[in-house]
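Which chain is which? They are A, B and C, in the order written, and residues in each are numbered from 1.
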Amino acid sequence: QVNDLPGGPAVNQLNLHPPASQIAEQQQWLHWMMLIICLAIFVAVFGVMFYSILKHRKSVGHKAANFHESLTVEIAWTIVPFIIVIAMGAMATRTVVAQKDTSNADITVKATGYQWKWGYDYLKGEGEGIGFLSTLDNSHREMSDAGAPQGDDYLLKVDNPLVVPVDKKVRIVTTANDVIHAWMVPSLGVKQDAIPGFVRDTWFKANKTGDFYGQCAELCGKEHAYMPIHVKVVTQAEYTAWVDGKMKEMQALADDPSKVWELADLVARGEKVYQANCQACHQANGKGAGPIKALDGSALVLNDPAAQIQILLNGAANGAMPAWRQLSDTEIAAVITYTKNSWSNQTGKLVQPAEIVAARK
Amino acid sequence: MAATTPAGSTPYYFVPGPSRHPAMVALGMFFVILGAGQWVNGAGWGAYSLLLGVVIWLSVLFQWFRDAIAESEGGLYSDRIDVSFRWSMSWFIFSEVMFFAAFFGALYWARVHALPMLGNLDHQILWPDFKAIWPSAGGGATASPAGTVEPFQTMGPWPLPTINTALLLTSGLTLTIAHHALIANQRAKTIFWMWITVILGATFVGVQAYEYMHAYRDLNLKLSSGIFGSTFFMLTGFHGFHVLVGMLMLLFITLRLMKGHFTPQRHFGFEGAAWYWHFVDVVWLGLYFLVYWL
Amino acid sequence: MSAVLDHHGGHAHDDHAHDHHPTGWRRWVFATNHKDIGTMYLLFSFTMLMIGGVLALGIRAELFQPGLQYVNPQLFNQLTTMHGLIMVFGAIMPAFVGFANWMIPLQIGAADMAFARMNNLSFWLMIPAALMLVASFFMPGGAPAAGWTLYAPLTLQMGPSMDAGIFAMHILGASSIMGSINIIVTILNMRAPGMTLMKMPLFCWTWLITAYLLIAVMPVLAGAITMTLTDRHFGTSFFNPAGGGDPVMYQHIFWFFGHPEVYIMILPAFGIVSAIIPAFSRKKLFGYASMVYATASIAILSFIVWAHHMYTTGMPVTGQLFFMYATMLIAVPTGVKIFNWLATMWKGEMTFEVPMLWAVGFLFVFSMGGFTGLILAMAPIDIQLQDTYYVVAHFHYVLVAGSLFALFAGVYYWGPKWTGVMFSETRGKIHFWGSLIFFNITFFPMHFLGLAGMPRRYADYPMQFADFNAIASVGAFGFGLMQVYFFFFIVLPMMQGKGEKAPQRPWNDPDGRGAEGLEWEVPSPAPWHTFETPPKLDATATKVVG
């Protein structure tokens, strides 16, 4: 049995989500306006039609008239709809302009679409420097495969929600790493494509606290349905506390790129990076699939560290293999080392973070 | 249906009898797309299938045109059908214009929109070192934000493209001379100027082939040279291919002229090929300014 | 040649003994007869409708409940993609070309299409393309799974089937362009004397304009997918930002094709409806000239609205406003058409045989799709609805209840002329009401799903969306069954000649009022050859006088 999810879909919901931002309110209002005008026209037009169908039919003995043109009515029914649609457009114009106005944001967050998760980096404002990935809870993916889903937040639960303060203008800069994704949160009235190699932006200002959910809204490959968005809107005090905690946590985890690693440690670290980023395409067994190249037994992986580093930093095959610059030097070094020492690849070779630092130059 | 017409008069409509050509062309196309699709993915047999398809296609085309020419020379094509051919050729050329428009559009978009955007302030978070300069502004630039494209030099308008422009413009002229000669019923003169036109066209193709070699060898300008290389080669390449086709059309028209086909009044085959040639000419002028100069 | 005119029954061939009427498979494979080629087009498109429909049922079966039951997400995306491609390029477009082949020469009093052999080539080219599309499911990595819109750079991640698909689309495009040239030339140059352009049946007008749209945009699609191909295999960077390209450029090029494409799929439908409504209202079409101008306006406007599919790509505000206003304007000429049809019905003497039912059903349900289109055209609302099931609902209302319903209307209207057999009125009504009801059961709930934010192209969805999805799935199977019924109980009997013999003018009262046009001046079934010499027409160009 399933219940409404506040900030997410309600059971058999008939209309847009309850708005949690002014833009969403305006969108809702515009939608109601359009719905009512269109319904009115629809009822009027088809009222006439059904009247005619009932009265002007042969079976009730109506005899055909033979008029078949009138310039006056043609002009009338050109002008009137013209005015109506222009008026509709005029009502929307203000909102269009407001939606696009991303200036003077309090907080700027970059949302990067990956196959298949979201990465958030706080670029400006309180919390600057925080960055993390946000992935669908694995148990939900498993429920999906098993065909036995449960829970009100099915497919919407992530490990790390995006946290933002209430009543602050948040600018979301979107981009993507591989293919186009779209960042959408219905309650906040935003949907913005995330385009690889380009940045786009949108904004929202939540006017209530709470959890708001959305999903990736641009076909991005097989796991398209499994990269939800969860925005946690909190009070300013809670936000400050969250930022503090997060900063500490990140410091504790940060790697020193000049550290020299032992093979076993680096492979262990690399395995995690591989599972999080590479496995979806290259498979756990490193064999790839379809157009995706195999890493297991690959000559390039076995012999050519420089080329492999370049591919990780810049991508290959016209972006079919995305660039992974956003990973840290340590992570890239680790995952390369992992591929050189897994499956049948037992080279014993090791790539240190310092080499990545050098290659980035 | 031709049979219903008394001998000697052209029919009002011309409806050819059953023909195996269309289905055969489709069969050829089957092997073409099957082969091409496999070949680009590295399956060697794809090339053979592609080749087989093209052979089928060309041989059917040859027979088809032979039939059509026989019908034409046999007096089955009335003035009305002549008009049909004119309409169809015009709209076919229009569709070609739209095909090129897609690539010119891509050039426009990349230069005026995408590239400046990739180099603007917002995009510095992705491409911190990228300066948006269209490569034709200076040698060595790559137009590649990621720096993945090897440095290359651009192809300026001088000298090869300008020579080619002159060749094509002249060929337009010689073709017109030939046309006037045909109308004046001076067949020998027509044929002479047609040969000149064909030779000019062939030279164009040759010069262009040389230009490509030059680009690859000396300038390091390749299909893979970022968006500059993509638009440069795709635009000039498709154009060059059209020149080749147009030249073959003119060649066959010339051969037909030598066989005594066409009359001063009725020579749509000639005109259709000529229109096509002028279209190719105009596209070239667009390329010459937009690709080489700007 | 008046021998073929105005007599009942199908013995018109007698005076054609000299015609070598080919038989067996040669008749079809070597065809140069517009009627035979039209028939092949119609059968081909119906086959594709079935294939595309089965794929749709795959989608609906998977979406019947949340969780993955039958297909994995990759296969799901393949189903969606191939469903869209096959329906658009395999079912709807060829079906209209089939109608054009059958009806245009008959309606303008021509012997055949202008280029009979090229006509057959247009048909046969579709066969390798269709084979390729269907075969792509069996290639390594499966069929293309990037959506029918084939957005870069997702297409770069597809397997070899993507290239097969691209080449297939090239061939289909070539077929469409040749078909369009043929139609344009036929209409411009083959009309019987007296059939002036402004006396021509509207179906011919809508097709003339559609053919222009096709010639203008199919090459652009070819350009877009060619760039995809070279990006995939030849190192170009059209859509690769690392080399200075732009994925959004693909979308601009695609939708420059894509938006006119949707009108390509609806304008001929308008033409069919414009023939049927006057016939069953026993009244001339109201506002003929303004119908022609409205059609042309829709076509012209269709070139400047493409970016309404791209509001969420992050266009500048001026771009959004321009495309919003331009899109909304299309409602004006479309409205003119709706109003003219209404005025045609007004004070008519209507009867509701099956073709008329479909036409009225078309008006009603298509308009709903039109209105949701208008709602989507509003940029702020589209920000909520883009890429949700609301869009899916919108375009099935215009494509299924629009294009497909009009096609059914046309089959019932002209079917007796094609086959010489009347269908069973009761069965036609069952098909109509069944389809109408199941159609709405399938697609109406999708509006709610979309408003509530369910994204399209999703193999699985949150639990809250379960009920509406279940309803939609049930409706889809019902709708599919109705089409199977249509085939076995209406189409097949007519093709086998089982049923009442069709009179020459099945839709006219004894006093002659009803359907008008030259197609009713030839017997049912229309003989193999018609109007071998141009007929003499009366002043309205609807009757043959000599």
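One rule holds for everything that comes next: a residue touches a chain if its C-beta (ideal position, glycine included) is under 8 Å from a C-beta of that chain, and two chains touch if they have at least 3 such contacts.
These figures come from a predicted structure and were not determined experimentally.
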Chain whose averaged C-alpha position falls nearest the assembly-wide average: C
Two chains sharing the most contacts, counting C-beta pairs only: A-C
Chain A and chain B: spacing of chain centres that average the CA atoms, whole Å: 43
Length of the line joining the C-alpha centres of chain B and chain C, rounded to whole Å: 32
Residues of chain B whose C-beta touches two or more other chains: 117-118, 145-146, 148
Overlap residues in chain C, where contacts from two or more other chains coincide: 160, 231-232, 235, 237, 241-243, 246, 248
Chain A: positions in contact with at least two other chains: 197-198, 201, 314-315, 323
Parts of chain A lying in touch with chain B, wherever the complex brings them together: 110, 123, 173, 175, 197-199, 201, 314-315, 323
List of chain C residues in touch with chain B within their complex: 18-20, 22, 26-27, 29-32, 110-112, 114-118, 120-121, 123-125, 127-129, 131-132, 160, 163-164, 166-168, 170-171, 177, 180-182, 184-185, 188-190, 215-220, 222-224, 226-227, 229-238, 241-246, 248-249, 252-253, 256, 529, 532-534
Chain C residues touching chain A - in the complex, by the definition given at the top: 65-69, 72-74, 77, 140-142, 145-147, 151, 153-154, 156-160, 231-232, 235, 237, 239-243, 246-248, 281-290, 312-314, 316-317, 320-321, 324-325, 328-329, 331-332, 335-336, 338-340, 342-352, 360, 363-364, 367-368, 371, 374-375, 378-381, 383-384, 386-388, 448, 451-455, 457-468, 513
Chain B residues touching chain A - in the complex, by the definition given at the top: 117-118, 122-123, 125-127, 145-148
Contacting residues of chain B [partner chain C, same complex]: 1, 3-4, 12-13, 15-23, 25-27, 29-30, 32-34, 36-38, 40-41, 64, 80, 83-84, 87-88, 91-92, 94-96, 98-99, 101-103, 105-106, 109-110, 113-115, 117-118, 143-146, 148-149, 222-224, 226-231, 233-234
